[in-house]
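Dropping the structures in below, format is structure tokens.
In the two complexes that follow, subunit A is the common piece, with subunit B as its partner first and subunit C second.
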Partner chain A sequence: MDISQDYFSCYGLSCDFSLDPVALRQSHRQLQQQHHPDRFVSKSDSDQRRAVQITAYLNQAYATLSEPLKRGIYLLQLQGMEPLAPTNTQMPMDFLLQQIELRESLEEISQAQDPETQMDSMSSRLQHQASQLESEFAQAYGSSNFEIAETSVRKLQFIVKLQQQLDALEGALLD
Partner chain B sequence: MAYSEQVLDHYENPRNVGKMDEADAHVGTGMVGAPACGDVMRLQIKVNDDGVIEDAKFKTYGCGSAIASSSLVTEWMKGMTLDQAGEIRNSNISEELALPPVKIHCSVLAEDAIKAAIHNYKSKQ
Partner chain C sequence: MALLQIAEPGQSAKPHQRKLAVGIDLGTTHSLVASVRSGQAETLANSRGEHLLPSVVRYLADELPQVGIKAQAHLVDDAANTVMSVKRLMGRGIDDVKRLGESMPYLFEACDQGMPLINTVSGLKSPVQVSADILRALVQRGESSLGGELVGAVITVPAYFDDAQRQATKDAAQLAGIQVLRLLNEPTAAAVAYGLEQDQQEQGTIAVFDLGGGTFDISILRLEQGVFEVLATGGDSALGGDDFDHALAEWMRQERQIPAQLGLAEQRFLLRLARAGKELLSDVCSTELSFDGWPGDATYADLELTRERMNLLLDPIIDKAVRATKRTLRDAKVALGDIARIVMVGGSTRSLRVQERVADLFQQPLLTDIDPDRVVALGAARQADVLAGNQSGEELLLLDVLPLSLGLETMGGLVERVIDRNTPIPVARAQEFTTYQDGQTAMAIHVLQGERELVQDCRSLSRFDLRGIPAMAAGAAKIRVTFQVDADGLLEVSARELTSGVAASVQVKPSYGLSDVQIADMIKASWTNVEDDRSARSLREQQVEADRLGEAITMALAEDGARLLTSQQQQVIENQMQQLVVARNGHDHHAIAKQIEEMAKASDAFAAMRMDDSIKLALAGKSVDQL
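So, the complex of A and B:
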């Protein structure tokens, strides 16, 4: 198996945002078993090393492709882009305003009378936004509009981060 | 990772946190975001008729270094002319706060927020 090829090719998938998660998981398990280091204990040192390398590659590939955000970033990297470059701080103004509002309400949730209801409604709002951005990305990338795709994935990164903060707050409040 | 004393000081006692009226013709608002860490920064300046920054406020949702960077620049900018403020570089900020290399992007964010606020103010004149 060639570990210099892109992650999509190693699973026999086309370089596309939409993929079948069940097929990906099955294909990953199959390759994982086939190259599992345990199967090479009686083989040569170089065969053993190779099995370890392939396993690490496969784990990285699966972790990247199975998450929409990481998959989107990776697809753009395949086009030579770096969507999360720290030197790029320009984001659409309305999006940033909305982000500040969302973070303000996140801060206020812990003092609210019914934090659970508010957390639930914010969470569904974020999930809705995330799936919208994912379809925006899929469409833009599919038609080679890489700059639009980049903006979508950058926005998605903020949403995912906010969802993580919300999950952390939920964990802290429900303890 | 350990924060420097300067960062901790600004993080624990942030200066000039707040919000100004965006509609005010004397107020310039800069908003920037860093996708890599999901930080969002809003920086506002109030400019008098002589072109001097009278007041500055910020609100940052992000890590300690991002909060400290924006807190520091609001202190620096007060009393500066727009041109002077426009010359603040991220390297000045990261030096003052002794930011480690992985946190340099927080100072880049603050520099870009200053530029965005100045640009916004000028566009209103």
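So, the complex of A and C:
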């Protein structure tokens, strides 16, 4: 197993945004079966260390490819771009205004009469936006329009952060 | 069901062809050793047919230590030399142990690394040595029952064990001369014990509900293609069956109006009565509790305890376990209805009410066929059999996760997360840091484990220095710190300065720092103190920012204040500086933020003047062509 190759190659996939998550999980399983340190317990120390490195690499690869946001960022990095560089902060005004509005409605949820319905509707709204941005990214990346792809992935990052905050809020309210 | 499965003829090799390996459950009160024989995992008994080995070691002056029941018999008459519950001391420092207080009747001494040593007639004993003595007894039992030398053992640890506790457990095995095939998390072991993966049809999500005397663990696993994958693990390390006894005892005291100030003997009496009542109600619906033999002067009438009454008392405690379970399901991104199997572990899951409530929560029957005291050892034995290479073809594989987040100390006593909890292991992660001061040539690396945001609330795992960084401006050095966690959950850290290549690395060995109680509180508190943490974090951040701004302005005033500003202008900035200092020393991060803003406003004009001035200086005497 070559751990300097890109994450797509190690699963025998082409560098593409769209992939089959079930197939990815299954090939990840198969590679783990083959390379996990548990398979090298009676082997030499260097074999064991190598198994730890390979499995750590596979875990990182799987974590990156199985999440759309991380997958998108990684694809752009393969093109030599750094979509999340701290200097990279410009966003379209209408998107920022929409973010402020979403953030406000998130804050209002905890005071709402029926927080669960509100959370559900917000969740599906975010889900909808996320999948829109994902297909935007897939199309732009597929046609080598990397600048547009970068904007979509940065927008997606905002949405994912909101989803995480919503999850945390849900946890706190249901406890 | 695996228990009823009949081994196929070619499937299990003859005993002499097998490599001998055991699973060991190294418990707080008792330990077990188990092995796979003729395709079945079974716990191994001693010559008297006893399976449970009490985790007690008694040290003698000129003889080998006694382990187990023999040692247990001397807990009272030779308390100072008879060590019990040593698991609670593993990976802990002398200061933590002192905080455990009177519950430990031993004479402790500290060695130079701060490890607690117990002063016995046969010399100073560390917790690692005591555990090693228990492990030796278990290995001997394994070798005599299996008839040969062992190639190694899988040893189980609680899922919430941190790096220091895992490392101490591995050290103990090394001391006892056993090859550790793997450290395995107890709930994961329990899931494996049922052999669910042997049925090719079986796949889905499994919950392991582990309620012991003092701790509660919940793990969510996915089984697919013979692979067990831990999705999330959680729980409450200060919740257990002991709480049931205390709730029942308190109810009895109130019912009979026994004064709240009780002596030790009276407390013990009530707890014993509570335990007896609890056990009786597994078979009958109602029982009479008798106060005969009450150690105090008063006499009390018998008291009726019904199952309904007991359930009312137990429910608030079980509620906590249910909440922790739901939280862990959310971490695993799994819905209640997705759970296909529920494995019950730990003595306290014998309680009918616990079984009712858990079955009710998941709307599913529970897996309780295997004795909850033995299920962990049996699972470890199955994993040991696989790791020793006794199975071929599609083998069982366990993919576990990191139980507690790992991070580094940064400015202001904050923890920067490097690896989040519930990340699959093995894992390697690198993070880049930089220097804070001009000309800084060394950096202290402080490795921490825990869920809280402040260094003081997390467990300190290790400290080391990276020296020989070439002197550069603040922020120019690039220091990459790499964490690597292996399949046992053990951490190795290395640091390298990228521009010069200077490197340092450590295998993390316990630096000791927190007590079991603190660990318990840490885990619990990480779920309740999120708000506190956030404001504490904001406070530190604002303080660091205020200090930075204050320093910069003080320096600027010293350099250019008199030259560029009128004394009145200087006075305005100095007044604002005093207000900033007052706010910075307070505890309100909003107030500090406000004063930082005010300070920035008050000094804006001055900053602009300095900028113009330096441009003028730079341009002085130069023509446009020269630029």
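Here, the second predicted complex is superposed on the first by the 175 of 175 C-alpha atoms of A that agree within 3 Å, B and C clash if a C-alpha of one lies under 4 Å from a C-alpha of the other, contacts with A are read in each partner's own complex, and residues count from 1 in each chain.
In this text, a contact is a pair of C-beta atoms (placed from the backbone, for glycine too) under 8 Å apart; a residue touches a chain by one contact, two chains touch by 3 or more.
Bear in mind the structure is a predicted one, so any value in this text is a computation, not a measurement.
Superposition note: with subunit A as the common reference, subunit B and subunit C are in steric clash.
Judged by the touch definition given at the top, the superposed model places A:R154 against subunit B, while subunit C stays out of reach. Using the contact criterion defined above for the overlaid structures, shared-chain residue A:Q53 touches subunit C, although it does not reach subunit B. Legend: residue contacts after superposition of the two complexes on their common chain; A:V41 is shown touching subunit C, with no touch to subunit B. Shared-chain residue A:P83: touches subunit B; no touch with subunit C. Look at A:M93: by the touch rule set out above, it reaches subunit B but stays clear of subunit C.
The touching residues of subunit A, when paired with subunit B in their complex, are 83-91, 93, 95-97, 99-100, 103, 154, 157-158, 160-162. By the touch criterion stated above, subunit A contacts subunit C in their complex at residues 25-26, 29, 32-33, 36-38, 41-42, 52-53, 55-57, 59-60, 62-63, 167, 170-172, 174-175.
Partner subunit A is touched in their complex by these residues of subunit C: 151-152, 181-182, 224-225, 227, 323, 326-327, 330, 386-389, 395, 397-399, 423-429, 484, 486-487, 527, 530. For subunit B in complex with subunit A, the residues that touch the partner chain are 31-38, 40, 42, 59, 61, 104-105, 108-109, 112-113.
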